[in-house]
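Letters are used for the chains, namely A, B, C and D, taken in the order the chains are written, and counting of residues starts over at 1 for each.
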Amino acid sequence: MIKVAVIGATGYAGAELVRILAGHPEASLVLITSRQYAGKPFDEIYPAMAGVVDLKCILFDADTVSETADFVFTALPHKVAMGVVPGLLERGAKVIDLSADFRFKDPAIYEQWYQPHESPSLLETATYGLPEINLELIQKSSLIGNPGCYPTSTILPLAPFMKENLIDLDSIIVDSKSGASGAGRSLSLTTHFCEVHEGFRAYKVAAHRHTPEMEEVLSNLAGRNVTITFTPHLVPMSRGMLTTIYADLSGDFSDDVVHDQLVSYYKDKPFVRVLASGRVPDTLHVRGTNYCDIGFQIDKRANRLILISVIDNLVKGASGQAVQNMNIMAGLPETAGLSACPFPV
Amino acid sequence: MIKVAVIGATGYAGAELVRILAGHPEASLVLITSRQYAGKPFDEIYPAMAGVVDLKCILFDADTVSETADFVFTALPHKVAMGVVPGLLERGAKVIDLSADFRFKDPAIYEQWYQPHESPSLLETATYGLPEINLELIQKSSLIGNPGCYPTSTILPLAPFMKENLIDLDSIIVDSKSGASGAGRSLSLTTHFCEVHEGFRAYKVAAHRHTPEMEEVLSNLAGRNVTITFTPHLVPMSRGMLTTIYADLSGDFSDDVVHDQLVSYYKDKPFVRVLASGRVPDTLHVRGTNYCDIGFQIDKRANRLILISVIDNLVKGASGQAVQNMNIMAGLPETAGLSACPFPV
Amino acid sequence: MIKVAVIGATGYAGAELVRILAGHPEASLVLITSRQYAGKPFDEIYPAMAGVVDLKCILFDADTVSETADFVFTALPHKVAMGVVPGLLERGAKVIDLSADFRFKDPAIYEQWYQPHESPSLLETATYGLPEINLELIQKSSLIGNPGCYPTSTILPLAPFMKENLIDLDSIIVDSKSGASGAGRSLSLTTHFCEVHEGFRAYKVAAHRHTPEMEEVLSNLAGRNVTITFTPHLVPMSRGMLTTIYADLSGDFSDDVVHDQLVSYYKDKPFVRVLASGRVPDTLHVRGTNYCDIGFQIDKRANRLILISVIDNLVKGASGQAVQNMNIMAGLPETAGLSACPFPV
Amino acid sequence: MIKVAVIGATGYAGAELVRILAGHPEASLVLITSRQYAGKPFDEIYPAMAGVVDLKCILFDADTVSETADFVFTALPHKVAMGVVPGLLERGAKVIDLSADFRFKDPAIYEQWYQPHESPSLLETATYGLPEINLELIQKSSLIGNPGCYPTSTILPLAPFMKENLIDLDSIIVDSKSGASGAGRSLSLTTHFCEVHEGFRAYKVAAHRHTPEMEEVLSNLAGRNVTITFTPHLVPMSRGMLTTIYADLSGDFSDDVVHDQLVSYYKDKPFVRVLASGRVPDTLHVRGTNYCDIGFQIDKRANRLILISVIDNLVKGASGQAVQNMNIMAGLPETAGLSACPFPV
């Protein structure tokens, strides 16, 4: 059994880590921290977990954490994470960071969209933790920048097309729709029940900070600069993210060409399910799981490719992917602790 | 007071017509029909309207209807409508048809996407009932093809840009999201509560029959052929539609240019609200009203225009627009019966 | 036209007052206040109302308010209201207060459940504004304590049975279910979207402050002391309240006896709809309206009466009822501004 | 590994059985049947389960089923079940039936509320499968009548009080609230999305067929006849059931007496969580799990006990409980396959 700690365990991503790790056959959750709830039993904050999780939240202390745990998940706000991670690494812990602080290779891009970076040198050694494209790097890494939810849902369907001259890389438009849990547990009028429940809206149109994250990864895959247009929307549901991607086809390709490209790219990947031609994904089908389902349609009239992906934003879009990264780093089966059967409804 | 009838009053669009007409200061609802519920009081089918609507559903009969009512709304399935409308027109009624049967100028397009048309000659005299672009034609018309919900939400934001060389007309992508009432009251697994409530999905991707309707109208506005890519999605809410439209800008235009174009195009239109730059529309803000709110954002990095519109699919997307058409045909104020204040939540 | 002001216009009850008054044929909304949003246009806080409500929020000042308006609605938190109302009354305004501060006759009960009362003498002159039972008092009153939402939904179905020896007055159990808008617009984890959306819970079980309000009114109606058990629950929806009431029958009464009692009690009341035997009310049927629908069932096996009522908690449960009170005080038709047709869905 | 079959696998209860069994460490799902979808792969009907469940639906045949499986779950409509179960038992299978057909001891009660019973003699040998009260009988049984969802949520909180003279057994009132999945996958206007989503209603008031099931079990526990009043309501959510129970206390008991009684009654029961005094259960906390959480409040003013329970109607209310029964019958740990950690949201 490997020993793991969750730093920032009482936000939604942290609590979802706790949930997944509580059922992990090869990992033992030994320590959880929370600034706001230090001293309280976890099941007082999340009564759902009474009888399942028997830990108290403590205040973060780098020595205690690194002495107790082999793997540390940091589920902290941007900027807070970069203040905590270097100390953990120095003490020998392996770290999977769920913030944006270690996702970028180029500190200039990070600083343009976020803030000054306090440990830019770590960006070189950090690995972008999208296992379907970075498996070998993750195996050897001590620091993972765990991908954002929108980037995960966008890069996975696009990755197979970044090098094959199947699509025009300057025509990519990404229209995403997310459930409200992506906004976290912090109170805000934008996630107040009555402001969300019977409405639908876009936000941060062409201005969301996940845009440069997608672009950096897609550019690396393409071997050239890729600029995209990205619009996120808020769906009145708790979990789930659907991303619709539009790109001009470079030629007159058939459904089979597109389908084969997706299937062959993901043939050994346990968490990507490529749907049969003509089937459309539904966030309901991946709820609570680490799956990313991908479907597509060719609009023959306009000769455009439409890719559609769905994930659970808290699982494959955050905590499930983080555990997948830990599994890979620890030499465990990639699916350990992540193979629960999806719910029918 | 003008006298009006609703044919097919017990579907959602029909019932919404009944609701609006019940509060109309210049129109009197005198007759409603329903095949399924003939003989039953309307408030037995819609108990919400007890004490407000005191009519019984009867079976449709062209003579009775045309003798009783000056204006007839036909809220019937496609194909059924075209069997009923000609008889009403012959008997002197003015007809506003909410099906697709009289929305197209070109019968070939209709027949390609729907079925053989039984009264193609009527297509010449029918007017596409989008008052913001066809006001004068509607004033003189006896037969209105009331627009579909997706076309209304798509054409209104795009119309101001179809002639001005501001956007590349070959680059238009329309990504729409609709509440479940758009699918009507007929039972289907796709609108069964548990299949919708906590999921989000696309459907009829690049294959929805509202596509040619949008294209015909946009082509007429542009004076050239316009082909678009259109993807509808189902939102787990009852009412509301948000449409996100992407188009490449033809030059390096500022926010002001786009905003001015929208404002000047709609300056006298009571139901279009152009939002200030940087504000995003929300379906919650138009729920139960005949408004179409339009916002926009320029993605300067990709030089694309993003237009976003919201409507209530049952009001501006169907029955409210139908009443707006009636008002115009009857010489009433365009807003008569349609000026209820929106709900805060 | 009478002139009205809304004090505390940006909470949900205040905004709902603004909505209703914006469409009122005999009242003109001339002034709105907000501490938090003073100086801002109302439609910046509620963009839904752009083009409909053209007022700026100002800071409260008793002189300005009473010079400008004939009727003042105070939609303020408990305790804050009692600091504001006396000054308005002194300056000659008629006041309808939506807080609990003027709902009780007995200051001791208020102080036991709330806090010390600063103007206990006003409790004598204030009228409990439930028009269906206090019509004549309201007509002559200058200060209305507008009822709480739970009390409205509980007292209306019970009132016809408080004097007739039909039920055992010591056996009354009230099980209520409310949408989230009842908790207002203030941020709280208990109304954070993801904490509400897919769950259902009770709260303040047998400890809610609406309990003594119900008991005082019911006791007055009965002419004896009435103690009830009351449990509120939170429904994952925005608007609507359903109350299920249980009481032992005093004899072997038929459905007709119960139905007749309800119908005769409410025969001239425009906003109470008594359903036919065997029909059950649904909050969907009263959404956005000032109706209270009442149904019942006799459990013959246990000889218990089950009464079920539904209201929209923001309308009949708050702002609609407040306007109904204003209409009565001003000698207007009771239904003025409140007769919008309910939505089919 | 024991071999199991699910008869009627494509309804919600059947599909939930498939989900749970797919993750069961000691059971292997070897056969599923469906009349409607015979010949189709299960993941075509439930795409969520692609890659997880690799079975085709077949038509039911008693010989095939009993030769293939040791344990058979019948998830069929009432009446259909009783035509199938006897043949399975004769062929040596152990059967857990999720319909009402084998829940009653007294065929007269079944026939009064349902229909004539074709195998009344089996009612003697069948065991009511509520493990918390019938553990030893279940261990020895070959036929389980798996409890209804409402009875499970009602009997569990009441059982500890049926013999101790703590409550007046003639005063029990049960007010239940259920998510829509309890109504199953069959299409109906009552579970059409727009008819449910923003409304709340009661149904089958004092007339639901789960009433006699509760009464028979409670009467057996009490050793005397118990009649209750039962009102079910429909909550606009997919999964979850909350039951609020009212009963007059027989004396002046403290919180500790009630709490101790609950805790001691359920001290060895892995799926019942008794909450600390003052805490209220939430369906969100048991979603997707086999837990029943129980809380309570004493209304000291009226001297009534209020018990509140929550379950997931598809798990502890149906399929999870069925698997719990199988575990007990097969001598497996009671929690096998049922110990997934609850979701935080």
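The rule we apply is simple: a residue touches a chain if its C-beta (ideal position, glycine included) is under 8 Å from a C-beta of that chain, and two chains touch if they have at least 3 such contacts.
Remember, predicted model here, so these are calculated numbers, not experimental data.
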Steps in the shortest chain-to-chain touch route ending at chain D and beginning at chain B: 1
Pair joined by the larger number of C-beta contacts - A-B, A-D: A-B
Centroid-based (C-alpha) most distant chain relative to chain C: A
Gap in Å, rounded to a whole number, between the CA centres of chain C and chain A: 46
Chain centre separation in whole Å, for chain D relative to chain A (CA means): 36
Centre distance in Å when chain A and chain B are each reduced to the mean of their C-alpha atoms: 39
Numbers and ranges of chain D residues touching at least 2 other chains: 12, 181, 194, 197-198, 236-239, 282, 284-285, 287, 345
In the complex, chain D residues that touch chain C: 173, 175, 177, 179, 194-195, 197-203, 205-207, 227-229, 231, 233, 235-240, 242, 244, 246, 280-285, 287, 297-302, 304, 306, 308, 310, 345
Contact set on chain B toward chain D in their complex: 12, 180-181, 185, 187-189, 191-194, 196-198, 236-238
For the chain A and chain D complex, residues of the former touching the latter: 12, 15-16, 18-20, 22-23, 46-53, 181, 198, 238-239, 273, 275, 279, 282, 284-288, 291, 293, 339-345
